[in-house]
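Alright, structures below, take your time with them.
Each of the two complexes below includes chain A, the first together with chain B, the second together with chain C.
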Partner chain A sequence: MARVDLQNVTKDWGTAVAVDDISLDLKDGEFVAVLGPSGCGKSTTLFMLAGIYAPSSGDIRFDGARVNDVEARDRNVGIVFQSYALYPNMTVLQNILFPLRFQKVPRTDAEREAREIARLVQIENLLDRRPGQLSGGQQQRVALARALVKKPNLLLLDEPLSNLDATLRLSMRAEIRRIQRELGVTTILVTHDQIEATTMADRIICMNAGRVEQIGTPTDLYRAPETTFVAAFIGSPPINLIDARLAGDTLEIGDKRLRATGAGTEHGGPVKLGLRPEHIREAATGLAATITASEPMGRETLYTADTPIGSLHFLEATSMPRLAPGAKLSLTFDGADSLVFDAATTRLMHGVCAHV
Partner chain B sequence: MTAIDWNRLATRARRGRRVRSALLLAFLTLVSLPVILPFFWVVVISVSARTGGVEAAVLWKACAVLVPCVLAYAGVHTFIASVRARIIAGLLLGGLCLIGLYVLIGADLHLNNYRFLVNPNLIEDIRGAATIGGQFPWVWEAFGNSLLVALTSMTLKVIVATLAGYYLSRFAFRGRSFFLQSLLLLEVFHPWMLTIPIFLVIFWVGLLNTLSGPILVLTVIDLPFYIFIMKGFFDAVPWDIEMSAMTDGATRRQAFRHVVLPQVRGGIIAISVLGFIKGWEEYVFVTALRTGNSYWVMSTYLYYVAEDVMGVDYGLVAAVSVFYMLPSLLLYLFLQKYLTQLTLGGVKG
Partner chain C sequence: MPSSASARQASNALIFLGPAILLLFALLVVPIVVDLVVAFTDMAQTVTIGEFTTRQFDKLVRPSKDAWFGFELRGSFYRALSLTAIYVFCTLTIFNITFGLILALTTTALSDRLGAFFRAVWLLPRMSPSVVYGLLWIWVVDPTERGLLNQVLINVFGMEPINMMLDHPMVLIVMANGFIGASIGMLILTSAIRSIPKHLFHAARADGAGPMAITWHIVLPALRWPLSYITVFQTLSLLVSFEYIFLIMGASRSTMTMAMLAYTKTLAPDIGSGQYAYGAAITLILIVIGMATAMFMWRMSNMKALLAKPKIEVQ
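Let's turn to the complex of A and B:
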């Protein structure tokens, strides 16, 4: 179990930059999710930690010691690949024993440890099967057992849940979290699924185009996204982002003017107003809105409405759609819930709020 | 809506399936007849011909028994679904067949043509030692040499093709695509076109009249193709399995041996079979690379049995042929499932 540091790590293949100057530090036993769209460099980061790729520049440290030049096999990193990468020619038990074979663990001890870990991930009745005879969920547990049996410094999970069906994904999420807590192993989960990241991780590293957009707890990323990218990526259904113009204490959106408060309003210019659908609600007075679509989502209903500040999505906690397309109403939101981003830098303007 | 007569539709579908499979069987029988018949004839000749002549009568009599039996079994196979019934019918027909053969041609069968297996001085016994200078070897010597040529060139081919295929599949290096293209280019030229240069090279390196000559030449001319086949098989092994092994503490070599190699087993077996058969049946280079009778292999042995002795003993030639093709045939029969995988691997590559 280890502390892991990345300092100014860059990975490029000639002109193609996959990871651009990222720095992070992981505490011992922490569960961190690397979240981002496909192609953002998150898997490359993972493979650099595992020692499969060498960084082009920057340092990777385990417990303070630089490991850039340490071979993958000597790093003692457990990795669960997206495809699970089980060895098809070996039984489940042989798969789990494989890492121990190179650690010179005596056969009887190795077998005991393998059975222990198999019990932990609940596959002790499958040990004689071959990977081809297992379901996706079972294969995933085997891959997890194989990664954990060597008591790794660091556990890397590369989109481990993306090949599972929805129900199984839900239970495996809790399962992986339980196992990680039980063993206290420092873990990095790579995913493009924000729900996976927010439900499992202590901290989330949100990446885009090879760069880190924001590092923080799931709540930080939801409440105070540093950039419009994070704001748009976290939250379901996605946030409303509205082009606006900040001029002193007013926010101009087309012909409509909203009140702006907070420090920093004097730096006017083009901004984006971010409003989460769950923060918009009906009120006696406010923005005049006409419903254009309603989508029942089970527990809630998502409405789309035309308003003077553009088309807005908003949620209502009713399972039966209450409003039909064409219905007219007034919408409002709390200033504290609004997010204002500088349109040029895409960064959040802390403390600036918009009011209806 | 009128009621649908499900039973009638089901009956029609069952009948259709039977007709289709019967037609297929008939077609396959027809197509394979010209392929099987010559082989069958060679076998019949080898166990029935007496010195000096071949009689077609035995062949026709044997066919008269076998063809109805085969057709009857085809019928059984088409119309009876139960596997047990099929086996019983097959055994019965097989028994009938044996009895029929025994009654009709039993008296004509003998093993005298196979005497070359136990008699080291076969030709001398017939023609007298003077005829061919006592140079004609015992068949087992030729057999041993053929085995040596086939096994050695097979082993070399498999080792080199496997390692080269792996390297080409996994590593990017300068000139990789040029190398792959030139491998293909080599396939354009038929090796026989190179006989004279090859002869000269072998002569200069002093391997003329040794078995090492044909072994090396056979290995080299097949390699490009085999490397391609193996590259295809390695390409089909997922990259992350290997990476997984290496993060599990294996060196690249250990990952190759424990994880990658077992997954291309089919390819290795396939090129082994092909490589063995290629060396086993080789005639051109074993003849071209010797002056005089410095070594004998099965193909040259068969050639001399057929051509060098005045007045051909067809029974003997047929018996040698049967003996000669037996190893290839057995290999094919037992390992054909790997040979069919070959096309799959090839397509992937």
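Let's turn to the complex of A and C:
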């Protein structure tokens, strides 16, 4: 169990910069998700923590001690890989015992510990099988057991659920969270799946193009995304981002004018207005809208509508589509739910709200 | 119509398999049959068959009441058999497998460019013409003070010059064949090591394994099948190989393996050649030995299971 610190860590291969000057700080026992699209440098960050890649510059510290030059095998880090990376020539028990072999644990103790951890991840009845004879979900549990058996300082999960089917993913999500709480091990989960990140993690580190966009709790990232990237990445269906122009207390969108409030509105200029589909609703008065498409999503229906501020997606909590394309209605939203971003820096203008 | 469909299927099968079957028949079945027939004749320099006889085999074995199967091996044949066994076993185990494995392990551990350079160096003998390669060995082991080996022995170690061809002929042919043979093992094993998923190495490193443990627990288990393949394939090709032996040693009694003996008695440009029936008889025995060895190794290495469909799902 450890505190983990990254200070100005950069990783490049020649001219290609995979991770660009990131700093973060993990508390002991915390569960953090690194979220971002593929190629954003999240796996590279994970491999640097594991000691598989060395950072080009910057410091990595475990419990305050610099570990940049510490070999992977001496870091006591457990990893679960996306492909599970089980040793195909060994049985499940041998796979779990493998890390203990190098910690010089006496055979009987090692076997007891392995069986204990196997019970924790519920694979006691599979110990004599080989990885090839296991299903994806079982392999994933074995990989977890192998990562946990040596009581690691840090548990790293590299897209561990992406090869599982939807139902299994749901149960493994809760399962991993339960095991992590039970052991209290500091854990970093790398994922491109925002649901995985928001449901499992205490905090989320949202990355894009090698840089950290925002660090915060799942609620922070949803309620107050620091950048348009985070706003667009978190939330499903994705947020509506509308090009606009802030001029004093009005927000100009084409010919339409909305009222703007809050400190900072005096700095006018191009902005982006962010409106989440779930925050837009029908009202007696508001933006005149014409439905162009309706998509039943099960519990909800996603509509697309033409409005004076552009095409908008909005959600309605009805399983049966109520409005057909061509239907006319008025749409509104609460000013407190609206997000206004500086178009030049893509950063959130805190406190600035738009009103219909 | 079903009949035309099945006719079409048959003609498709013929088109696809025909050339391969024809090639297999012409290059494998026909020569074996010809060899089988000639072995039981008296064919010699004139290349005519006078009579059918088992006389050729009498030159190799003689009836004996005490021996197994009632036959005893004649001296030259016994000698050829033991030299073949030594030659095949030593070249295979020391060079083709062990040295090939060491080369594969070390060159994959180096940086890509350096590894490729060393592999290219080890491929050079295979790329150069056999005659040139043979000649280079003759120069290296030249018994006078001009030979490369003797220069090294004299100038570096201050030793007496040695005559490899006379004193250690088997060591010489094992080395000459081994330096070439190692490259095949090296290539196959290198590609096998390269095909081990990277994340297995990453996982092993994170699990605390050092380079030795990774080699033992991750790399070697993955090389089981290519190693079995190299063993079977190289055993068979060494059994019948004679070109470097002939180029370096000529028709010398000290390195007269089975394949060399068959060649010397038939096509070699020396006195005593042209005994086609005799050569065919030796070759026939070599074919039987090769088949028995292949089948034995097939069983031993459980190659059938290795060739079977993998149980692991490919992701």
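Going forward, the second predicted complex is superposed on the first by the 356 of 356 C-alpha atoms of A that agree within 3 Å, B and C clash if a C-alpha of one lies under 4 Å from a C-alpha of the other, contacts with A are read in each partner's own complex, and residues count from 1 in each chain.
One rule holds for everything that comes next: a contact is a pair of C-beta atoms (placed from the backbone, for glycine too) under 8 Å apart; a residue touches a chain by one contact, two chains touch by 3 or more.
Because the structure is a prediction, the values reported are computed rather than measured.
**Student:** Check whether A:Gly235 is in contact with chain B, with chain C, with both or with neither, and answer first, second, both or neither.
**Tutor:** Once the two structures are laid over each other on A, A:Gly235 reaches no partner at all.
**Student:** For A:Asn163, select first, second, both or neither according to whether it touches chain B, chain C, the two together, or no partner.
**Tutor:** Only chain C; A:Asn163 stays clear of chain B.
**Student:** Return first, second, both or neither, reflecting whether A:Gly274 touches chain B, chain C, both chains, or no partner chain.
**Tutor:** So A:Gly274 meets neither chain B nor chain C here.
**Student:** Is A:Pro99 touching the first partner chain B, the second partner chain C, both, or neither of them?
**Tutor:** Both partners, chain B and chain C.
**Student:** In the overlay, answer first, second, both or neither for which of chain B and chain C A:Gly132 touches.
**Tutor:** second
**Student:** Just to be sure I read the superposition right, which of the two partners does A:Phe81 touch: chain B = first, chain C = second, or both, or neither?
**Tutor:** both
**Student:** Jot down the residues of chain A that show up as touching in both complexes, chain B in one and chain C in the other.
**Tutor:** 47, 50-52, 71-75, 77-79, 81-83, 85, 87-89, 98-99, 101-103, 146, 150
**Student:** Given the complex with chain A, which residues does chain C contribute to the contact?
**Tutor:** For chain C paired with chain A, touching residues are 197, 199-200, 202-210, 213, 217-218, 221-222, 310-313, 315.
**Student:** Which of the residues in chain A end up touching chain B in this complex?
**Tutor:** Those in contact with chain B are residues 47, 50-52, 71-79, 81-83, 85-89, 98-99, 101-103, 146, 150.
**Student:** What part of chain B is in contact with chain A in the complex they form?
**Tutor:** 238, 240-241, 243-251, 254, 258-259, 262-263
**Student:** What residues on chain A touch chain C, complex-wise?
**Tutor:** Residues in contact with chain C: 47, 50-52, 71-75, 77-79, 81-83, 85, 87-90, 98-99, 101-103, 130-133, 146, 150, 163.
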